[in-house]
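Chain lettering (A, B and C) follows the sequence in which the chains are written, and residue indices restart at 1 in each chain.
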Amino acid sequence: MEHTSAIQLKNITKRFGKVVANDSVSLDIRRGEILSLLGENGSGKTTLMNMLAGIYFPDEGEILVNGQSVTIASPKDAFLCGIGMIHQHFKLVDVFTAAENIVLGLEDEGKLDLKAAAGKITDICQKYGFSIDPAKKVYDMSVSEKQTVEIVKVLYRGADILILDEPTAVLTPQETNQLFTVMRNMKADGKAMVIITHKLHEVMDVSDRVAVLRKGRYIGDVATAETSPQKLTDMMVGHAVSLNIERPAPENPTPRLDAKGLTVYDAMGVKRLDNVSFTAMGGEILGIAGIAGSGQKELLEAIAGLQGLSAGASILYRPIGTAEGDQGVELVGKTPLQIKKSGVSLAFVPEDRLGMGLVGSLGMTGNMLLRSYRKGVGFFTDRKAPRKLAEDVMEQLEVVTPGVNFPVRRLSGGNVQKVLVGREIAQEPSVLMTAYAVRGLDINTSYTIYNLLTEQKMKGVAVIYVGEDLDVLLELCDRIMVLCGGQVSGIVDARSTTKEEVGLLMTRFEKEAAQS
Amino acid sequence: MTSTQLIQLIQSAIVFGTVILYGALGEILTEKSGNLNLGVPGIMYLGGIAGLAASFFYEFNNPAPSPVVCLVLSFVAAFLAAALGGLLYSFLTITLRANQNVTGLTLTIFGSGVANFFGGSLNTMAGGVGQISVATSSAIYRANIANVSHLGVFGSLFLSYGFMVYLAIALAIAMRWFLGRTRKGLNLRAVGENPATADAAGINVTRNKYLATCIGAGISGLGGLYYTMDYIKGTWANDGTIEALGWLAVALVIFAVWRSVNAIWGSYLFGLLFWMYLYIPGLTRSSQELFKMLPYLVTIAVLIFISLRKKQENQPPASLGLAYFREER
Amino acid sequence: MSAVKQHKEPLLRIAKRDGIARSKAYAIRIVAVLLSLVVSGIFIFTVTKLNPLQVYEAMFDGAFGSNRRSWVTIRDAMMLLCIGVGLAPAFKMRFWNVGAEGQVLLGGIVTAGIMLTFGSALPTPALLVVMAAASLLAGCVWGVIPAIFKAVWNTNETLFTLMMNYVAIQLTSYCVALWENPFGSNTVGVINQQTKAGWFPAVFAQAYGLNVILVLALTVGMFLYLKYSKQGYEITVVGDSVNTARYAGINVKKVTIRTMAISGAICGLAGFIAVAGASRTISTSTAGGRGFTAIIVAWLAQFNTFVMILISLLLVFLQKGSIQIASQFNLNDYASSVITGIILFFILGSEFFINYRVIMRSGKEASK
């Protein structure tokens, strides 16, 4: 089949502040073809596609649609070019029906004729093989149905270039297969399609060509038929880079947290964590790897007492100095306050630093208080100790701030994280959990954080490090637990494993599900 | 209660209800765009005084005023003055992103101030309280739409009101049609529910909010006009009644669960509840006051009920009270 | 497809400020107030043709022209301040308590009720204590009801507290009719006019000395409570981010209900001060819209109770001044609401320039 070029990207560069999200990327999207855009988290896939959808505007470079240079400054412009993007976060109005959402914002002549719209929707569905009820309200829909509405919305507007941003992240294997069938039908219809993903088996399954991005750079593209998951992994993760993070050997690690059978369902009833069991040892750093949304957040929040766990779960905590065979303290069923009161010193650096870990409107002193304000019997809080602590953290971690009472919301990302980590470490915890502790930080601050974690480990603290950069996980941690679809797909020794092994574990269950 | 009394009660309920129906209809349109405008009482004041003043100056300077001119002048003046109040609110909350609650309350203070200030001046000009004469205007607002004397009970119940009563009903039905059956209505509802989605679908969020708020304010203002022209027969009194009615209109929006057609019977029900005490024998004056509490109590009950049932269609517009900023790009 | 338009940067772009020097923020506010005075001046001039400066001078005379006037101004400012102080903790928690009007009235009703019933049975000091306690309790109950529904079922608190106001107003009308004196006047009249039982005693030879002392004590107390107490800290955290509060082990429901109990109670106490310390009667105008005005006071002061003193004084000054010009120049005293409205609109609008920067297309930044 002759594949004509639908879109050509030429030397596209996009910067956010000092961060280069896309560095001179050139890419060709063709009609009658499904292109996989593959890359790790933060490799710039979504940013690149958002420039086609009119969400971002490129700093440099040129976009050609059907050979003509175009300017896409808004989602409207993208529609006019025939480009439709299905975002990860659906843009639907909950109280509207499918049909109302689909026709929303269209500037057609005449009155609103939902019956005619429903007819057209049914036609589209029949043509490509999906099924939706045009009169169903969005709030009654499953995730997969909502996704279908998004796709139909784009097709209804006559898009012939479709971009799907990680469409399978929220789908069951069966729903994924259905989606792929639809995609093949659309391909046969001559549409150009891009699927953003980091799941290798899906790439192999559905796409004709694979383009790989790594750290904002375009690595290359290959025909799917001529490649293998192994080769793609190599392209995606690159060769292991030496970071020279200091990693002393653990000194007599002892079991600290014993988690068994942790299962979490979210508000929508979707299983986010599936029977997870592991032991975190005092004196070592346990890394947790996995593609985004594999249950990392739920795992940490469950330990902190912020997530409801299904029956049968148990988290036993053994403080430093517990004798062998001692039962330990059960954390499951306790609120965060009860956990604290039962003498567990648990430090937690959550992913959403300002939204969950800190009080943005308060200064460093006020934020130091968050963990200690209940101290003392008086009605008033003790301000002296937190002020001293704030000054210590400021000095030791070199926090750049006009003063200890300057609202932390206005500090830079790195300084915000230093305040949070500094406070959590100051609790002298026996368990320290961190989620994406170096996300968005510069190199120097990242190393400061690595050193702090290692320091804690040498003090006998059980450190749990949820990370996304495999290079860091491999050099910082002692053991790595890999999560995949809410399950533990393997626990490996960080010193002897390879990037490839961890990478494959990250997608292990999906492959099994797809094979079965 | 005799049948005459019953008819009287229903008549006064409908007249009372029409004042707050206008207020509530305007506020429904406003809230559908995501703006919670607590300035309804102020806006109704603005509409009332502007309509009255326009008629007054016209009739004051014309020995033989034309009823049609009276009608058009007062109607347009009331709508425009109230819409200007809405524009002020929109500019502050949408463009300058000021807090909606605080801005609305300020508008209530301002509107009642302006209205009572000029109302007082009008009274002075006319030679004292109750001396304002807009007889021609008031007459045309109060004229029954049909000659009912030979139509019996049916006529007195359904046809014995000025045209504003029927206009309000028509407006409510038109609003239902607009919100539910037209593209513009669909777009407007999307703005109030999820402005980010509306924005992504190419709908101009700011424009929709401005238009809905200003037109909504204009409609609310007609409630003030109806009150001055018909309810108190073309006079002005600085007694704060419009303010109380304005808050009742805000309550009616909740009671009608943001549906304009529900507001029709809701407003008459509020009227019945409000006037019922007159017809219940043996009530002391103090217990009459307790009766007037009923509209608010049922509104609270409705509010609690919808939050308990959590039925999606009955919730306030999802982004009600929140300002919308497109994320920095 | 050729219809795609050229990308243009908009003429004006708005960006959130990272922060602004406190002095600059105040400068912006002062400019706003000055502008609003100019606009009010134009308003006064167009309707009266009087020299606005002369009018402002008359206003000052009305508010502070004599010892008595000054004290009335202070008394009314204290009243407004007291309600604002009551609202501060609720607003700091981002709980929209627009029900102060009702909470004040409830406090006023029980105060008047006790004054009438036990006026001859108890000595004034005991009476004052009982009335204060009862008004605290009444306001508290009125505030806690919507808070419980908010905490448990997430019922919209703005609309709920708003409705509670009108229930309270009707309750007040009921009591007024019940306690009517003399019969047929539809007012309660001055309670205990002869015995002065339950009236605030003069302090430092000032009739309203106790009002000032009580309210200023509350102002200082609330400032300390919000800034330095453990509970105040919890309020700050919940208002900032409910997720952070949960992370820190704070029981959000409990804090919501407790804070509204305090907020309602202080508003109830304001009702006590209004009845026992000022009007010595009860009517629906005992709160007189102050419950709403105080929302604006609390919001503009950004919950800082000391700033509230200034704003309350400013608003009451305007009100008293306008009443004066009304009688002096034969206007009516609703001019005060107009001027108040204008000034508040300007202050509300000025917050935008404190929080955002306006960037012109040329890349230059507009200074304001």
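Operating definition for what follows: a residue touches a chain if its C-beta (ideal position, glycine included) is under 8 Å from a C-beta of that chain, and two chains touch if they have at least 3 such contacts.
Given the structure is predicted, the values throughout are model-derived calculations rather than measurements.
**Q** Consider the two chain pairs A-B and A-C; indicate the one with the greater count of contacting C-beta pairs.
**A** When A-B is set beside A-C, the one with more contacts is A-C.
**Q** Suppose chain centres are the mean of their C-alpha atoms. Which chain sits farthest from chain A?
**A** B
**Q** Using Cα averages as centroids, what's the distance between chain B and chain C in whole Å?
**A** Whole-Å distance between the two chain centres: 27.
**Q** Just how far, in Å, is the C-alpha centre of chain C from the one of chain A?
**A** 46
**Q** So, what's the distance in Å between the C-alpha centres of chain B and chain A?
**A** 49
**Q** Give the residues of chain A that touch two or more other chains, as numbers and ranges in rising order.
**A** 57
**Q** Chain B touches which residues of chain C in the complex?
**A** 15-16, 47, 96, 98, 149, 153-156, 158-160, 162-167, 169-171, 173-178, 289, 292-293, 295-296, 299-300, 331-332, 334-342, 344-345, 348-349, 351-352, 355-356
**Q** In their complex, what parts of chain B are in touch with chain A?
**A** Interface residues on chain B, with respect to chain A: 181-183, 185-187, 189-190, 193-194, 196-198, 200-203, 312-313, 315, 318, 329.
**Q** What residues of chain A sit close enough to touch chain B in their complex?
**A** Against chain B, chain A makes touches at 55-57, 74-76, 79, 91-96, 100, 103-108, 111-112, 137, 139.
**Q** Please give the residue numbers of chain C that touch chain A in the complex, ascending.
**A** Its residues touching chain A are 1-8, 18-19, 224, 228-231, 233-234, 236-237, 240-241, 243-244, 246-251.
**Q** So in the complex, which bits of chain A are touching chain C?
**A** Those in contact with chain C are residues 57, 65-66, 68, 70-73, 77, 80-82, 304, 306, 335-337, 339-340, 348, 350, 352, 354-362, 366, 369-371, 373-374, 379-381, 383, 407, 410.
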